[in-house]
Amino acid sequence: MDGPPGNANLLPVLPVLIPLIAAALSLLAWRSLAIQRGLGLAGAVGLLASAVTLLVEVERGPILVLQVGAWPAPFGISFVVDRFGAVMTVLAGVVGVATFVFSMGSVDARRQRLLYHPLLCVLLAGVCGAFLTGDLFNLYVWFEVLLMSSFALLALGGGVLQVEGAIKYVTLNLLSSALFLIATGLVYGALGTLNMADIALKVRAGDSPEAVVAVSVLLMTAFGIKAAAFPLFFWLPASYHTPPFAVSAIFAGLLTKVGVYALVRSFTLMFVAESEFTHAILLVAAGLTMAVGVLGAASQREFRKVLSFHIVSQIGYMIMGLALFTPLAIAGTIFYVIHHIVVKANLFFIAGIADRLRGTSSLVHAGRTSLYAKAPFVSALFVVAAFSLAGMPPLSGFFAKFVLLKAGVEAKSWTIVATAAAVGLLTLFSMTKIWAEAFWKAPDPADAPIDRTRSPKPPARGMIGTCTALAAITVLIGIFAGPVFEFSQRAAEQLLDGEQYIRAVLGEQALARLETGGETSGSLRIADGTTAEIGGPR
Amino acid sequence: MNALFAIVAGVLFACGTYLLMRRSIMRLVMGLVLIGHSANIAIFTATGLKRTGPAIVPIGEETLPATAADPLPQALVLTAIVISFGVIAFAVVLVSRVWATAGTDDSNRFREDDDMEAVS
Amino acid sequence: MKNVLLQTATRYLLPLLLLFSVVIFLQGHNKPGGGFIAGLIAAAAFSLHALAFDAASTRRLLRVDLRSLIGIGLTLAIASAALPLAFGRTFFSGLWTSIGGDPATGDPGLKIGTPLFFDLGVYLLVVGIAMLLVLTLLEPAGPTYEGPADESEGDAA
Amino acid sequence: MAIVTAVSATFLLAALAPWLGRVLGTRAGWIFATVPAAIAVWLATRAPAILSGTPIEGRLAWAPSLGLELAFSIDGLGLLFGLLISGVGGLVLIYAGAYLGPHRHASRLQSFLLVFMGSMLGVVWSENLLGLFVFWELTSISSYLLIGFDHERPAARAAALKALLVTGGGGLCLLVAVLMLGSIGGSYDLGALLDERDTILASPWLGAIVVLVCLGAFTKSAQFPFHFWLPGAMEAPTPVSAYLHSSTMVKAGIFLLARLDPLLGSAAWWGPLLTAFGATTMVLGAVLAVRQTHLKRILAYSTVSSLGIVTMALGIGTEKAVVAGFAYLLAHALFKGSLFMVAGAIDHGCGEKDAERLGGLRRAMPALFTASLLAALSMAGLPPLLGFIGKELLLEATLAAPTWTTALVVATTFAAALTVTVAFLAGVRPFIGSLAETPRTPHAPSPGLLLGPGLLALLGLAAAVLPATAATPLALGAAGAVLGDVPEKSLALWHGLTPALGLSALAVAVGAGAYAGRRIVRSGLDRIGALDRVGPERLYGAALKGLLAVAGGQTRLLQSGHLRSYVFITLGTVVLLVGGTLWLRGAVPFDAGPENPTWPELLVGAVIVAGSIATVLSRTRLAAIAALGLAGYGLAIMFVLFGGPDLAMTQLAVETLTVIIFVLIFRRLPQFRSFSTPLRRLADGLVALIAGLMVTGLVLVIARTDTDPTLARWFGDHSVPDAYGRNVVNVILVDFRAMDTLGEITVLAIAAIGVLALLRPGRMRRRHRGRAVS
């Protein structure tokens, strides 16, 4: 047997491979729900375990790179794990495991029989693939993987609301994918490479034609749709309240964050040549996203719709950090993402428990029971998650917001600081609305739409357990805010140090071009913008 | 010829997006197909069209002649075609499900916001 | 579409088309072709069968459930990607061996490697999904308007 | 470390309280009170050391990288507040146990009270501004949960929300101010900031910092124009009002002002802002209090007034004023806490809250009457009570105020007079006269209900009679923390015949008169009451309503539910941003490329264009599918022309399958209809056209640049020797970039599963709640 040489370092692809294998085997076992369930959970746990190992590895050492198929970069596909990618993968694992556990008690058997578990597995594989790949086109492929499985999960067993929500979701996300695809092709046309490190190198060396800015803005809009930034977010509030709660939760936790991840990756590693221009657009978008999202939440009267609009609003915070583009601000974005994924998924899970206990998700109508009086533990879980989301100390959200505000103050961007602060207050307002209406309000037998056909049923133990674990993580992030922040800082430094990434993927000699090619600063452009220099790093 | 196919890509994109903005969900899904075509032509054109033979190494040679087409955009487009096929197949079926459950093909009649706070 | 002529034609065409798809599959690495296209040709052959007879008999002909077929294809693809790991190679690196080669004359013989198995996985999967689409759409209980719809959030089952 | 223990013990007890409550039953309050009592005793024993200038310190690193440390330090200011918080807190816990009796959630209330207590201790002992802020927000949250304790009443929920929004908004202002201070001073530690005082005072941000700090403090301490949330907070159970809304939480704002006074006191706007808003609040609160008849609301407004007094005193900023402020603050905590608990005991005993409908309770509740009388007299500022000392000092301070002297003296005297009226109204009126009919027969309060008010009232007396034991050192110690060094002064009941005494006498006379003629006074005030319509409370309501209207309006506009407009806006944004960038930077030159198109190419292009336009124009389903197919097959031919046989075959096969699927599905769907108006279509067409131009422009611009051939060459060179395949495209797909293909087939598999799930959804539960079909 012969073939290209290579090492057996499998670790960087494991978070993708494990759930994918679980999904493939589940398809073979399509007759047995029990096997699918077990495989699914095992896949998620395996993903989490491998992700944690990855995180430990990158914390200890340099950026991990796997050249898939042992083909050298930039020719084959590279899987690249830095701190940011690793922590995102860990979060995907956490939410994945939580979703599987929560689903067991909450998703009906009919839906489960429609291959629910393999779909979830593939969704997780797609999300992790997007976090770990170092290749632009491969990123597109993983986006499609996660998108396709989210389509299927959204429409699974669909009632009318579900399919109507799904068609909006599908249409706008496919538009985004098409834009992404075009942009990828254009990037290859302009730079002759798809490898992110190679793109970064060429942009830094000044090899990029001026029109690449327009391509990067095209990418920005494509990712902006995925991230649900203003004014590209419509698909999110139109669909997230329709599927089963477990599905809502994993979507809320992970999907938009893949868009945020892609934005961060693109505009810290690759397209930094015209940061005054691109990041100014991002800053405006960030402010408007926060404000419009939170106002949307204030206008809603359904549990999950309030939460959905809040996702939009909080995407604004994450983009704010990216747009400010200082090490502290990027650290803020990372902290915010870490906090948000856990809390947001948890809130959707809690919404599921509340819906089960109250018999309705409406905030206008009194439910079957006053949760505050009858379900103090669930209430406490909600308080932790909701006040964390609203940025109240000493919970995780406070520190996330604090770092971003601090970055804003230090960058003297007063408008965004004022917006972020005001939006914080409005977030508090809408969280208390849910609290007051869904938890405090007394049941009123005369009040109409409780779904009487749904038998009141206490939440399964797994459901409560899931929420408790996630709430505990929220509290722990608050208690260990220092270490989490320090990690975010290290991750941010790594993100902003493009050369480290390039060195890891392309090797030391690639950087030599930067020194001969002139300045290494991120504000290079070639004079006439007509031709790109020919010749790659090898 | 770059210009020709850049325009073709543009026309496809324009037609596709126009269909995407139709309220009739059946036309909408056709718009997705056209946008997919547009993306493929855009990739193909932007990376440089070459009137040459396929990217196949002739028998007896070890390497691809320099005149052959760039194989990478082809591989990308091929992947994209297949992916968009899967996605379109799903979307078409979804449209039929929407029609079957909602009873309308007019996307403006889908409800979404009936739970909103009334303006007081 | 119970056309005797078509049914008879199908009896002869089916094996021919399948053979053709195998050829296209096998030459894919060196000439135009490959797992995806070959899979679609095979699917076309079975679709013809389904049109000539009915979906149920095509399902019987295929023997294996389409979901399993998709699963097998996917598993095979992943397995061929993971197999090199057993030999200390990295994920997706090609493992090759040759059949009938003669180093003395420089004849490489027929090269067999994991990428081919990967392509075989693609082939099986494509047959599976194409047939799933066609058969599901051909069978009656398709989408027709079903009256007042189900709005369950599904959390109460 | 003792400080950390004290604070964490409180939180720990709070966490255990719900469980302990179940075990201990109604006696739980007494047990819970031991913790605050222990803290109070500990503080008392350490007081001499603290007052002699050695603060107790304790540190717990939390997130040093964020500048957040739980750095505690108890100086004179912290001592005064700490004693109030733990002392009153212990009494309130006992009182709450008795007040709620066997209420199902009594221990939940006590737990929140303990959370609040711990947070409040954290606020007043924090050396680190960020730590202070963390506890500050915790007090807001616990206050929210406490006000909403009777959660099933909408009024309680609304009041809780109001308090939270107002104080939370102020909290955010404070946070920004803290961030700015930290950014200038490089630390959130007060000590470190004081070292950087000159830098801070010279900073261009100083004005903003002062205003933001004031916003934080004023909202918390219910200063005009944010005073309105406090009377609303009376929806809370009485123990909560007594604790949070009279003696502790509302004083947090004042504490903050005092704490930051050494740092910001010399800023130009500091003194005038505090004095002006404090004085306004003082007068307004007093006037509004007289208008009330509901016992707790009377007390609430008079609390507003008292908080104004202290703020004003800090604003005046002279040594006299600051000492007077703290003396008054101490007196107020004692008498107001007592009076609130009395009001609660009355309500508990006879079920009536309206002062005018109560009377003659002295016989049924003699002990409570004694306590109430003592507290009321202290509030009225009569000797020999602590209130008298506070008021005398205050009048003296205003007489000696460096600016606005006359106005301040008049305002303070006026407020003092009305306070006399209010004190009689709330503290005496219910007990004297003939016995009034009440919902419940009045009965004497239990020991638990009596202990709190009684003890606090007695302390007001004792502290005045023996000022040197507690009142003087505490007030001077706190003042010392603000002023820098402890003033040489002592509190005493007798100051000689001073102008202040005269003003005091005048105030008592006027106040007593106003009490006697309160009906006339009230009807007079009601005429001014028309101002309520434009008052801040209305503003709050209007703002909330306006916010919801704006929110609803903009959301309805954007999130219209109409997919068409979603696509329109999304695409419009893309076009605007990308097209704009291209326009600004790219200046697309129309460059047809090096080669002219050949006839076959033109033909293929025309076929694709024709197909796509026909798809748009066709009116029937089949025609549209045919046109779509035309475009797709055209694409396949294009691939043939440019050396992509694999692509062409794939496109051909896929297009065929797509057409089959479309036909199979569309036959079950309705005929095409046109829904949009011509104008809409025009707008859509325009956006689509620009979008198309954008794509054309992008492709042209990029196609002009030569693609770096490194990758293409490498694939060509390595395909045969390393990957044993001659079809380079296929080798890329199954080897070089097989990962893409793995993802691709996964997408296909999932698409198939999705289709299966959509078309075979399994058994559906039919229900008739579905939408009406039109």
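To keep things simple, chains are lettered A, B, C and D as they appear, and every chain counts its residues starting from 1.
Following the convention adopted for this analysis, a contact is a pair of C-beta atoms (placed from the backbone, for glycine too) under 8 Å apart; a residue touches a chain by one contact, two chains touch by 3 or more.
As the structure is a prediction and not an experimental result, all values here were calculated from the model.
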Identity of the most central chain, Cα criterion = A
Please work out which of B-D and A-B is bridged by more C-beta pairs in contact, and write that pair.
-> B-D
Go ahead and note the Å separation of the Cα centroids belonging to subunit B and subunit D.
-> 47
The distance between the C-alpha centres of subunit B and subunit C, rounded to whole Å, is 24
Give, as an integer number of Å, the spacing between the C-alpha centres of subunit D and subunit C.
-> 60
Residue numbers in subunit C touching 2 or more other chains?
-> 30-32, 36, 67, 70, 74, 78, 92, 94, 96, 113, 129, 133, 142-144, 146, 149-152
If you look at subunit B, which of its residues touch at least two other chains?
-> 17, 20, 28, 38, 42, 44, 46-48, 54, 56, 72, 76, 78-79, 82-83, 86-87, 89-90, 93-97, 99, 101-103, 107, 110-112, 116-117
Check each residue of subunit D and list the ones that touch at least two other chains.
-> 548, 551-552, 555-556, 559, 561, 563, 567, 571, 645-646, 650, 654, 657, 661, 665, 668, 695, 698-699, 702-704, 706-707, 709, 711, 715, 726-727, 733, 735, 737-742, 744, 746-756, 758-760, 764, 767, 769-771, 773
Examine which chains touch each other and state the graph shape they make (line, ring, star, complete, other).
-> complete
Would you pull the subunit A residues touching subunit B in the complex into a rising list?
-> 137, 141, 144, 147-148, 151-152, 155, 158-161, 163-168, 170-171, 174-175, 177-178, 181-182, 184-186, 188-190, 194, 237-238, 298-302, 305, 362, 364
Spell out the residues on subunit D that touch subunit C in their complex, using ranges where they run on.
-> 645-646, 649-650, 653-654, 656-657, 660-661, 664-665, 668, 723-727, 730-731, 733-735, 738-739, 741-742, 745-746, 748-749, 751-753, 755-756, 759-760, 764-771, 773
Over in the complex, which subunit D residues touch subunit B? Could you list them?
-> 545, 548-549, 551-553, 555-556, 559-564, 567-568, 571, 590-593, 595-598, 601-602, 605, 608-609, 612-613, 615-616, 621, 624, 628, 631-632, 635, 638-639, 641-647, 650-651, 654, 657-658, 661-662, 665-666, 668-670, 672-676, 684-685, 687-689, 691-700, 702-704, 706-707, 709, 711-713, 715-717, 719-721, 726-729, 732-733, 737, 740-741, 744, 747-748, 750-752, 754-755, 758-759, 771, 773-774
Flag every residue of subunit A that touches subunit C in the complex, lowest number first.
-> 1-10, 13, 17, 20-21, 23-30, 66-70, 106-111, 115, 157, 159-161, 242-245, 352, 355-356, 361, 451, 454-455, 457
Subunit D contact footprint on subunit B (complex, rising order) | 1-24, 26-28, 30, 33-34, 37-38, 40-42, 44-59, 61-66, 68-72, 74-79, 81-83, 85-90, 92-97, 99, 102-108, 110-113, 116-120
